[in-house]
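Structures given as C-alpha cells follow.
Next, two complexes with chain A in common: one pairs it with chain B, the other with chain C.
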Partner chain A sequence: MQSNAQIEYDYSVVRLFTFATILFGIIGMSVGVIIALQLAFPELSNLLGEYGTFGRLRPLHTNGVAFGFTVGGIIGTWYYVGQRTLKMSLSESPFLMKVAKWNFWLYFITILLAVVTLGMGYSTSKEYAQLEWPLDVLVVIWWVLWGVAMFGMIGMRRERAIYVSTWYYMSSWLAVAMLYIFNNMEVPTFLFSGDAPSSIMHSVSMYAGTNDALVQWWYGHNAVAFVFTTPIIGMIYYFLPKESGQNVFSYKLSVLAFWGLMFVYLWAGGHHLLYSTVPDWMQTMGSAMSIVLILPSWGSAINMLLTMKGEWQQLQTSPLIKFMILASTFYMLSTIEGPIQAIKSVNAIAHFTDWIPGHVHDGTLGWVGFMIMASLYHMAPRIYKRELYSKSLMDTQFWIQTTGIVLYFTSMWIAGITQGMMWRAYDEYGSLLYSFIDTVEVLHPYYTLRAVGGTFYLIGFLMFAYNMFKTATAGRVLDKEPANASPMAS
Partner chain B sequence: MFHWLEQRPFFFAVVLFLTVAFAGFIEAIPDFAKASQPIAGLKPHTVLQLAGRQVYIKDNCLSCHSQLIRPFKSETDRYGMYSLSGEYAYDRPFLWGSKRTGPDLHRVGNYRTTEWHENHMMNPQSVVPGSLMPSYKHQFTNMADLATAYANANTQKQLFHVPYDQKGMPKLGSWKEAEAAAKAEAKLVAADMKNQAVKDAVAKGQVPEIVALIAYLNSLK
Partner chain C sequence: MDQETLMTIAGYGKFFIILFIFVLFYSYAYSIYKRDKTGERDFEKYSNLVLDDSLDSAPLEKRETK
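Take a look at the complex of A and B:
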C-alpha cells in the first residue's frame, strides 16, 4: 500500500459543493424562518401575492434544505471522504473528474430551477417529491453521474476494504435511486392532450389513491432514511474519529448497526399511514418495525459516543467535537421520538399536528445540520489549506443554535400535544368541546417561540457561513495538512 | 462474511440493494390490485373540477389541509364519515396531506357552500376570525388551465381506463366538447357567486381559478 503523502487529493469539486451547500442552506433556512413567522403572524402571508403564501413557500423550504443543503453536503463530503478512505485522487482520472464536475453543475442548476418552478406552482404535490417531470429527469441524470463517480472511484481504490463511511454513502446512492424512480413514475399529460393546448410541465402519477399514498410514504420515510440518516452516519464515522484522533469504538457494532438499519428501515414507512386506508397489516408492520429501528439507530450513535471514551475533555477544548457529539445525541433523541410517534395510540394524537415537524427538526437541525456544518468545518483547513478563522465565533454559534433547536422542538411538542388533545376533547353532553379555530388560536405562543428558535438557528448558520468565508479568504495559511484536530485561531 | 464483502464492493452493493429493496416489494405487491378498486358508483372528476384540483395542488392547499378522515369518533363528528380506500381510486396524485394547520377537507362539500368559499378565499378572516390562512385573491384574476385539465382527464381515460364517457359517468369527448362543457359548468358555479369581475369573466367564456377550485371543493363529499 502506498503512503498518504504520495497521493495529492483533488478538492476542486469538494470546494464547489461546499459553496453550494452553504448557499442553499442560507436560502432554504431563510425561507423556513419566513414560513415559521407566517404561522405566528399570518399577515406576513399576503406580502408577495400568490408567490408569498405558506403553501407556495413550504416546498421551497423543504426542497431547498433537503436537496440543496443536505444533498450538497452529502455529495460534497463524499468526494472528500471517498478519495481519502479509498486512497485515490480524482486527479488520477480525467474522466471521473469530468463526471464529478458535471455532477455538481447539474445538481446546482436543478436546485435553481426547482426554486423557480416550485415558486411558480409547478408541483406534483407529493411531499419531498414535488418537482415536475422535466426536473425529475435532471435529478436522475446527476444522481447517475454521482453513482458513476462513486463506483469509478471505488474501482480505482488502493485500499482493499471499503470503510464504514463508504458503506453508508453507497447505501444512500442505491436506495435513493430506487425510491426516487419508483415514487416519481408519472406520465406527462401533454402526450394525451389531443388538440388541447395543455402545459408540457404537467404529469399524473402512475399510481392512484391508496397505492399512491403507499408508494409516496415508502419514499417519504426512506428519503428521510437515506438522505437525512445514512449519509450523515457515513460522515460521523469519518469525521469524528478523524477530528478526535480516536479509533472507532467497535467494528462489530458498526457492522451490526449498518446491516440492521439497512434491513429494517424500509419497513417503517407504513407509520406515516396509521389509521388511513392502507391495509391494517401494513400499518402494524410499520409500527412494529419502527420500534425495532431503535436498535440499529442507537447502535451507531452509541458507537460514536463511545469512540470518545477517555477523551471527553475534547468537548471542552474543541467546538468541532461539541458539534459532532451533540449531533449524535440529537440523533438518539430523534430516533427514540420517531418510534414513540409510530406507536398507533400515540400516533392517533400526534399525526397531523405540529409534533411531527417538531420531530423532523430535532433530527434535521440537531443531527443533519450540525453534522454537515462540523464536516465542512473539518474539511476547510484541508481543502483551503488555511486555519479555521475563529474558534470563539464557532463556540458562540454552537450555543445560539443549540438554544434555537431546543426552543424549536419543545414549543412544537407542546403545540402538537395540545392541539391533538383539543381535537378529541368532548364536553359532558358528548359534543366536541372545541371548534377547529379554537385549536389554532391556542398555538400562537408556540408558533412565535418556534419562529424565534428558527431565527436563532439561522443566525448561527450565517455565523457559520461567515466563518467559512473568512477561513477560505483570510485564514492563516497552513504549510502542512493537520493530522487530527483542526487548527483554529481563537 | 462481512470482511469478505467489504473487500468486494460490487458484491457488497448487490447484497446491500437486496437487503434494502425487498421490504418495499413485500409491502406493496400483495394489496396493490385490491387497493385500486373504486367503491360502487364512484365518479371521476369533471374537467372543471380537475382544473380546480390543479389549482389546489398549485397553491399547495395540502400543506395545511388533509383529505383523510380517520376512524375516530372525534373525527367523524367533526368531518363526517371516515374515508374509504375506494373513494380515492381515481385520485392521481392522492391528496391526503400530512398536517392539519387547517381542518380536513375530504367532505367539505357537505357543509360549505359556494358563497362561503368565495368569501373565505378572498378574505379568510372575514369568515373565520383568527384564521392563519392567507388571502387567495389571485385566484379571482388568474385563469384556470382547462386545457391541461382535459389532458389530465384524457390521460387517465386512455392510460388508466378511468371510466369517462361511459353510461352514467362524466362526459369527456373531444377537447372542444370538454371545453364547452367546462364553461357551462363554470356558469352554474358563478351564478352563486357575487364577485362581479368573476361573473363577467365567466359570462365572456373565461374561467377564473376560483370558479374551478370551488367546483372541486363542492365535489368533495
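Take a look at the complex of A and C:
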C-alpha cells in the first residue's frame, strides 16, 4: 500500500448523492402531502386528470421517498462513512471511482424514469415493488455496482477492523439484493403474447395467490428492515459519536444488537398476513419474531441514547444532536409500536386501518428522515469545506418538523383505532352498526390534521434544502476540517 | 385437526420459538462478555474507528499487506 500522506478522501460521489437525496426528498414528500390532502378533500383528485389521481400518485410518493430519498441518503453516506472508517480514499482507485460514478448516474436515471413511468401508470401493482421490469433490471445493475464499489473499498482498506456501521451497510446491500430479485421475478408479456397486442412495459409476476402474498410481504417488511432500519442504524453509529465526540456507549452491545437484528428481522414479515390464507404457524412465527425484535432494536436505540451520557448539554446547544437523539427516540417508539401491532389480538383491530400508516410515518419521518438530514448536515462542512449556513434555521426546522410528525402520528393513531372499533361494532342481532362511509365521515378531521402535519414536515424539508444549498454556495469557507461538532453560523 | 388443537400447537410453538431465541441471544451476549473479560478481545476500542478517522492517522489494527 502506498503512503497515504498526500491522499485525501474523495467526496465527489457523496456530493452527487447528497444533491439527488434532497431533490427526490422534495419530490416524494410533496407528492405525499398532495395525497394526504386528497384523502381529506377528495375533489383534489380531479385536478390533473388521470395523472393526479390517488392511485397514480401514491406509488410515486412511496417509491420517491423510499428508493429516491432514502436509498440516495444510504448510498451517499456509505461513500462517506466507508472511506473514513476503512481509511482509504476512492481517489486511490480509478476503477472504483468509475464504478461509484456509474452507480450514481444509473440510480439517478432509474429514479427519474420511475417518476415518469409511475406517473404514466406503468405499475406491477405490487406494493413497494411497482416498478416495471425494465426499471427492475436497471435497479439490479446499479445495486450490483454499489456492491462492487463497497466490497472493492473494503478490499483496499488500511484498517483491518471493520467498524459496525459498515456491517449494517453490508447487510443492507446483501438483503435488498436477495429480496428485490426474488420478489420482482416477472415475465414480460410481450415475449409470449404472439400477435396479441401487449405493451413492452407490461409483465406478470411469477407468483400467484397466497404464494405471491408471502413473497411480497417477506420482501415488503424487509424493505422496512434493510432500507429503513439497518443502514440508518449504520448512519447513527457513525454520525452521532462523531458529531458529539463521544465513544459509542457499548461497542459490545452494538455487535450483539446487529446479529440479533439480522437473525430475527427476516422472519417477521408474516405479521402483514395475520388472519389471511397463509398457514397459521407462519402467522404465529411472524408475530413471535416481531415481538422478539424489540430486543435488538432497543439495544441499538438505548446504546445511542447512552452514548450521550455526561454530555446531555449538547442537546441544548447543537440542533444536529437534537435531530439524531430525536431520531433514536422515534426509532424506539416505532419499534415498540410495530411489535404491539403484530400481536394477533391487537392486529385484529389495527389491520387495514390508519394506525398502520401512522406507525410507518413515525418511523420514516422521525427516524429515517431525521437521521438522513442530520447525516447530510454533518457531512456538509466536510464535503463542501464550508460552515453550515444557519443554526437558527436548523433549529426552526427541527421544531416545525417535530410538530408535523406529532400531528401526523397522533391523528393516525386516533383515526386508526376509531376505524378499527367501528368496523367491528355490531348490535345484539349481530348486524354491523356502521357502514364504511360512516367511518369516512368520522375520520375526516384526522385526515385533515394528517395533511397539516405532512405540510409542516415538507416546509421543514424545504428549509433543510435551502440551508444545504446556502451552505454549499455561501457558507464561510473553512481552513481545516472540523474534528467533531459541525461548525454553524448562528 | 380441529381449530382448538391448532391454536394450542400454535401457542406452544410461539412460546418455544421465543424461548429458543432468548437462549440464543443471551448465549451470544455471554460469549461477548466473556471474551471481553478474559481479555481475548477488547471490543470497546473499536469506537475509536469513528473518532480517529482521518486518512493520515495510524490504523487501529494495521492490515497485513503483501
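Methods note: the second predicted complex is superposed on the first by the 483 of 490 C-alpha atoms of A that agree within 3 Å, B and C clash if a C-alpha of one lies under 4 Å from a C-alpha of the other, contacts with A are read in each partner's own complex, and residues count from 1 in each chain.
Everything that follows uses one rule, which is that a contact is a pair of C-beta atoms (placed from the backbone, for glycine too) under 8 Å apart; a residue touches a chain by one contact, two chains touch by 3 or more.
Computed from a predicted model, the values in this text were never measured in an experiment.
Undergrad: Between chain B and chain C, whom does A:161 touch in the aligned arrangement: first, second, both, or neither?
TA: The answer is both, since A:161 touches chain B and chain C.
Undergrad: After superposition on the shared chain, which partner residues are touched by A:238: those of chain B (first), chain C (second), both, or neither?
TA: second
Undergrad: Quick one: classify A:259 as touching chain B (first), chain C (second), both or neither.
TA: Both: A:259 reaches chain B and chain C.
Undergrad: Does chain B (first) or chain C (second) touch A:215, or do both, or does neither?
TA: first
Undergrad: First (chain B), second (chain C), both or neither: which does A:445 touch?
TA: The answer is neither, since A:445 touches no partner chain.
Undergrad: Let me test your reading of the model: by the given contact rule, A:291 touches which partner, first (chain B), second (chain C), both or neither?
TA: After superposing on A, A:291 lies in contact with chain C but is clear of chain B.
Undergrad: Of the two partner chains, chain B (first) and chain C (second), which one does A:247 touch, if any: first, second, both, or neither?
TA: In the superposed model, A:247 contacts chain C only, not chain B.
Undergrad: Considering only touches as defined above, state whether A:353 meets chain B (first), chain C (second), both or neither.
TA: A:353 sits against chain B, while chain C stays out of touch.
Undergrad: Decide which partner touches more residues of chain A, taking chain B and chain C as the two options.
TA: Here the partner covering more residues of chain A is B.
Undergrad: Across the two complexes, what residues of chain A are contacted by chain B and by chain C?
TA: Overlap of chain B and chain C footprints on chain A: residues 160-161, 255, 259, 263, 285.
Undergrad: Please output the residues of chain C touching chain A within their complex, sorted ascending.
TA: 6, 9-10, 13-14, 17-18, 21-22, 24-25, 28-29, 32-33, 36, 43-51, 53-57, 59-65
Undergrad: Can you check the complex and tell me which residues of chain A touch chain B?
TA: My answer: residues 38-39, 42, 45-46, 49-50, 52-56, 58-59, 121-127, 151, 154, 160-162, 166-167, 170-171, 174-175, 178, 182, 187, 189-199, 202, 204-205, 207-216, 218, 255, 259, 262-263, 265-267, 269-270, 272, 275-279, 282, 285, 348, 351-354, 356-357, 423-426, 431-432, 436-437, 440-441.
Undergrad: Name, in rising order, each residue of chain A that touches chain C in their complex.
TA: It is residues 1, 4-5, 7-9, 84-85, 87, 89, 157-161, 163-165, 237-238, 241-242, 245, 247-248, 250-252, 255-256, 259-260, 263-264, 280-281, 284-285, 287-289, 291-292, 295, 481, 484 of chain A that touch chain C.
Undergrad: With touch defined as at the start, can you tell me which chain B residues reach chain A in the complex?
TA: 2-3, 6-7, 9-10, 12-13, 16-17, 19-21, 23-24, 27-28, 31-32, 35-36, 54, 57-64, 66, 68, 70-72, 74-75, 77-78, 83-85, 87-103, 128-138, 142, 145-148, 150-152, 154-156, 158-160, 174-175, 178-179
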